[in-house]
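These are the structures in question, set out in turn.
Two complexes, one shared chain (subunit A), two partners (subunit B, subunit C).
Let's turn to the complex of A and B:
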């Protein structure tokens, strides 16, 4: 019960939580735009991580350029994904699209194994490997980078959606497609951009967590599920809610693993998910369904 | 269905004809040894290495004049990487190929499937599976030529007690069968050897954050952490976070911690850490010779998981050399094998049929496992 242990766990929990939150953001954007849960969101993290490692190993691309190429690639990837997995099913109900995203997720995992091999890969760290010792609390410098990037992306996103015309058009599309179409907004294009942006968020997550998680075809699986839990806990469709939900899950997991049972560490996220669904189905920050209608 | 059946019948007939054909060509004076590797199916890649390893032994034995003036005729039957396939291969090797003795499988589950039939035939069978129970079920015909899973656990505790001279042990393990089974053994031997188990922490395969577990062991006062992780990738993440928390105790890992994947991923974080290994490449004379001969024969590096077929065939040949072609006598001769130096280590069979009672404790140095000590746990 000493202070330094608890501080250490809080720090790690927040770091893990901001990773969940980052991936959760991608979920929320797509959900808001097209009312579909994208179960390939975890693979949106895995694919750019592999691309980055490949660029690094084969072409020795230096770090800033590497980010740029990966981000551009993932933007295109998001649009292609949208075209293949969502667009043909856009007039169908929720379920066929969800199943289609699960299909793409399986395809991407196995594709990654065929293209990049079964062994996990090491992504070079942009930060020093030694932990920083801050008053007895050890912090991986990469975690600090992750937290800062998540914050920066949040701020960017806020300004983008509230202050720019494109952002407002995307918001309008998300709120009411018919209305947006009547106002002359090209809805299909807005949706494609949303997928591209969500995929770019995945690229950010992939490049950021690659050096600490290692890059393997399964790296996105559990991450995607935890991020999904984060969005539910935070309130589905709510952007700050997704981040806060992620931070909450990250912290609870570490403390529960320490004080209750390390064997059921992964279980706690899902226990919380079930509890939230039972007690407060709209999540901590979600609007009531009635208000949304 | 019918088509499929006809096809199967045709295929089987061809196989039988091929077997009969080749059988008639073989010299009746040869000693037939059966071998059931996976040629097809999920383990086909492993199977190809096993075949290379055993053929090297075969070539060496026959080049040296064979056994008591007779050549060894190795009869290979595909076990199809499945349990029913392994059983069928065993039956075929004994009934059609008339094998005198057998080199079986490396998969514990296949060996369990074959075990009763092996007992009924009364045929000495060399196996490579490491599940502890295999040689503890009263089957006197199974001979294991790899260290079983319990030996690693016992060797870790012996090393902690006698060499590192530490008393407070913490365990971090995967909750799967291998991790939990290994941790159970570590816990048992910790207590039996008068050491203190301070805490047992768990994780799930592919977890990415071990802070809670590592801190918990630290606060429980562990002097050494035994890590039972089947997956080298997980071991790599554990190593790095252990380092980042300031290496608060010693690290002693199961073989995955010295696997090349773990070292490649953890890089400098793995430096100086301890792990156990079945054997260390190049640590013994016999192992160096095996590596050289293998390279000469196939022009590639050997596969560590397949040496057992090489050692196994040699042990069988030596036994037959001593007592002739009588299965019961061969069994006694295998059990009487003591101090035989093979590629995997020094074999001394215990009455229940276990040949290897040693594992190596290694320290990772500049990205390679370096032998610290071969720990012999004796026969139990």
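Let's turn to the complex of A and C:
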């Protein structure tokens, strides 16, 4: 196996891993804020992809405006989502919330089919279709865009959470709701914003991955599950862990599909998940949490 | 309603049997009969899900995968190897149960979201195998021409005929599930659901029972899969056994009412028939279905079962049904015996009055470090047989950490613990319980949804034996064991003063009584050493006084007590011996008088004066 093929696969893996990482990040932020695993996270990717295709096909909206509209739409979508699927159940155990988010996920998948049709759609690429030749390694420019956009988002997020007041209030809410409330932070609002932000991360993932895959109602399902695997592999609730877990799974998947079996491509993430759960249940970067007696 | 429920039971059976016989004649259309058979297949899978989720509280999103394992096992055996369909039936159950164990062993250490994810992963991997292992499963094309079962020379091909097989199976599986719920195994499942940590310290091996619940649930699903494979289209393919189908089964179980066997069936039947009723919605059916799931979660948290339970009629029906039962009669019997002049003796079978004055518990160099924090840092102590010993110290001095190590919840960083000559350092909590240690918790950990009586039943788990099969079929040995446990539980409840509350829900008790119940549950395991973590916290003066009286009585019957307590007057009053901790180290020990005058102890509590230190 020559080096350039391996490098090519590495780029593909990192690009896919970035997408997993973005969706995983959305999982983690919601989980940290409200202790809920959102099983509709994959639909946070599918919905904006459809919206973007629709804006493109029907209104011929130019790219920058298209992205802006999609992001704003998904922000509102995230807020509406938490109002329906989470807020009424906020004082209950995790099972009802899990089932309710699964319910919303089924609703959205079938809703997308009715609104946008059953046929998978092709999202026009913003990048040239020809692979770039980087020192003999052929790389799809969309992959480079994905990796760079993810990096940019991470830098933005770092500054947002560490340097802005809103970011710090959101962190405070995630760490201790009671205390945050006592300090005058509007906890419900912070939670709504967290959902909005998580949904916007999905929008970024959807717009970025849309041109590579067909846009279809099933596109979010497997993506969401693999992103969830990433969060566990990286260390549940751990922000850098989610990204690194995503990158790791993305890369392993591409190489395992090539060297072991492409038919089982979608299974590797879960095999790694089960192995990690066996050997190191707290994930690569997670801390062991013990229940207090 | 004055009829005796004992006499109604056989009548009920006759009615059910007649219903089953007549049903196909009434329905007659083979379309609807196929649908009924499908609903039964789902019902059995849901009953299984109800065992793992409803009883044991473990979320599984792989039920459709186990359903598929059963269907494929039997289909492969009957079409490829030409085995009889009945062999396939047995194989379907056991192969699926085996897969349940295989998935259970690595994953059941996990809980909640992790477990959900691991089960999803298992389902996806299994589906990939079904699609890709073409030599075995036929790949995406699936398996066709799956045979029907035969009885003698009669082929049960017609859905009306197959219905009898399905209906009898459903009745048997429902019966077993209901039986299980009221047995030792079922109680262990529910204890894990209610509070896993308390279940462990009460003597329930939670890993073992979780795997058992998982295997059983998978077996149920596998049997449901067998029914599916050999009926209707006689064809199976991988896409039937998807993650979405697992979600559907979960929705059925939760819609019906989590924890209720009848609820699981009602949920399964409703959601199987719903597409027929909502057919006019065409494409938007799935949307309506999904919206329905969310609405049920929001507005009907307990599912249909809880709605039925809320009805007055069902309440009266339950009362009447229980009126003649052994439990109610025995409660009445215990209540009338002895006219309640103060607490009586409790039935201790291990301890037999104070014996030698040697050490029951010896702790040497015990330490627990959390990262850099040395919560307990090299403590030596002894608890003498037949005494009440107190462990005191300021907040954060490591008292509860020591109790957690003694009861096996924490593994010590260093040191050893010897209980009555047995080295128990680092053993699992349920093992330590069988060696004669029981405990209560600072923040009460009862099995809240269960009855007061059941809580004490579970306390006796380590001294009872009935496994899965006896729990369902109830041979005389199992019945005798239940009677013995019930008698002891009732006496213990009487001892702590909870008479008349036997059938109340544990969480409905007032705070003080919850503490007493936790004490009764701990005593039920016949401990040699009883650990009490702040037993008087939150009690009023009267309740505290009653507690003191109980502690003396417990000690006088030979149970050694080690207690952590902040109420100093109580400590000074009851303790034969006191150990004082500060910052994870022992700073003093001795009699109450000696401790009261100890300058170092006073410093620890009140802070040393600068010049004095």
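Criterion: the second predicted complex is superposed on the first by the 289 of 293 C-alpha atoms of A that agree within 3 Å, B and C clash if a C-alpha of one lies under 4 Å from a C-alpha of the other, contacts with A are read in each partner's own complex, and residues count from 1 in each chain.
Quick note on the criterion: a contact is a pair of C-beta atoms (placed from the backbone, for glycine too) under 8 Å apart; a residue touches a chain by one contact, two chains touch by 3 or more.
This structure is a prediction, so every number in the text was calculated from the model and none was measured.
Undergrad: Applying the document's definition of touch, where does A:5 land relative to subunit B and subunit C: first, second, both, or neither?
TA: first
Undergrad: Does the superposition put A:16 against subunit B (first), subunit C (second), both, or neither?
TA: first
Undergrad: Taking the superposition as given, does A:110 touch the first partner, subunit B, the second, subunit C, both, or neither?
TA: second
Undergrad: Which holds for A:255: it touches subunit B only (first), subunit C only (second), both, or neither?
TA: After superposing on A, A:255 lies in contact with subunit B but is clear of subunit C.
Undergrad: Quick one: classify A:216 as touching subunit B (first), subunit C (second), both or neither.
TA: The first partner, subunit B, only.
Undergrad: Determine, for the superposed model, which of the two partners subunit B and subunit C contacts more residues of subunit A.
TA: C
Undergrad: With the two structures laid over each other on chain A, which partner does A:263 touch: subunit B (first), subunit C (second), both, or neither?
TA: Both partners, subunit B and subunit C.
Undergrad: Go through the superposed model and pick first if A:119 touches only subunit B, second if only subunit C, both, or neither.
TA: Once the two structures are laid over each other on A, A:119 reaches subunit B alone.
Undergrad: By the touch definition at the top of the document, which applies to A:199: first (subunit B), second (subunit C), both, or neither?
TA: A:199 sits against neither subunit B nor subunit C.
Undergrad: Identify the overlap between the subunit B-contacting and the subunit C-contacting residues of subunit A.
TA: 221, 261, 263, 266
Undergrad: Please give the residue numbers of subunit C that touch subunit A in the complex, ascending.
TA: Residue list for subunit C touching subunit A: 53, 59, 106-107, 109-110, 112-114, 116-118, 120-122, 124-125, 128, 131-132, 197, 243-244, 247, 250-251, 254, 258, 283-284, 286-287, 289-294, 297-298, 301, 400, 403-404, 409-410, 441-442, 533.
Undergrad: Could you list, by residue number, the parts of subunit A that touch subunit B in their complex?
TA: Within the complex, subunit A touches subunit B at residues 2, 5, 8-9, 12, 16, 119-120, 122, 129-131, 133, 138, 140, 212-214, 216, 218, 221-222, 253-255, 257-258, 261-263, 265-266.
Undergrad: Which positions of subunit B touch subunit A when the two form their complex?
TA: For subunit B paired with subunit A, touching residues are 175, 201-204, 206-209, 211-213, 215-216, 219, 233, 236-237, 240, 243-246, 261, 264-265, 267-269.
Undergrad: Tell me, which parts of subunit A touch subunit C in their complex?
TA: 37, 84-85, 88-89, 92, 94-100, 102-107, 109-111, 113-114, 221, 225, 228-229, 232, 236, 261, 263-264, 266-267, 269-271, 273-274, 277-278, 281, 290-291, 293
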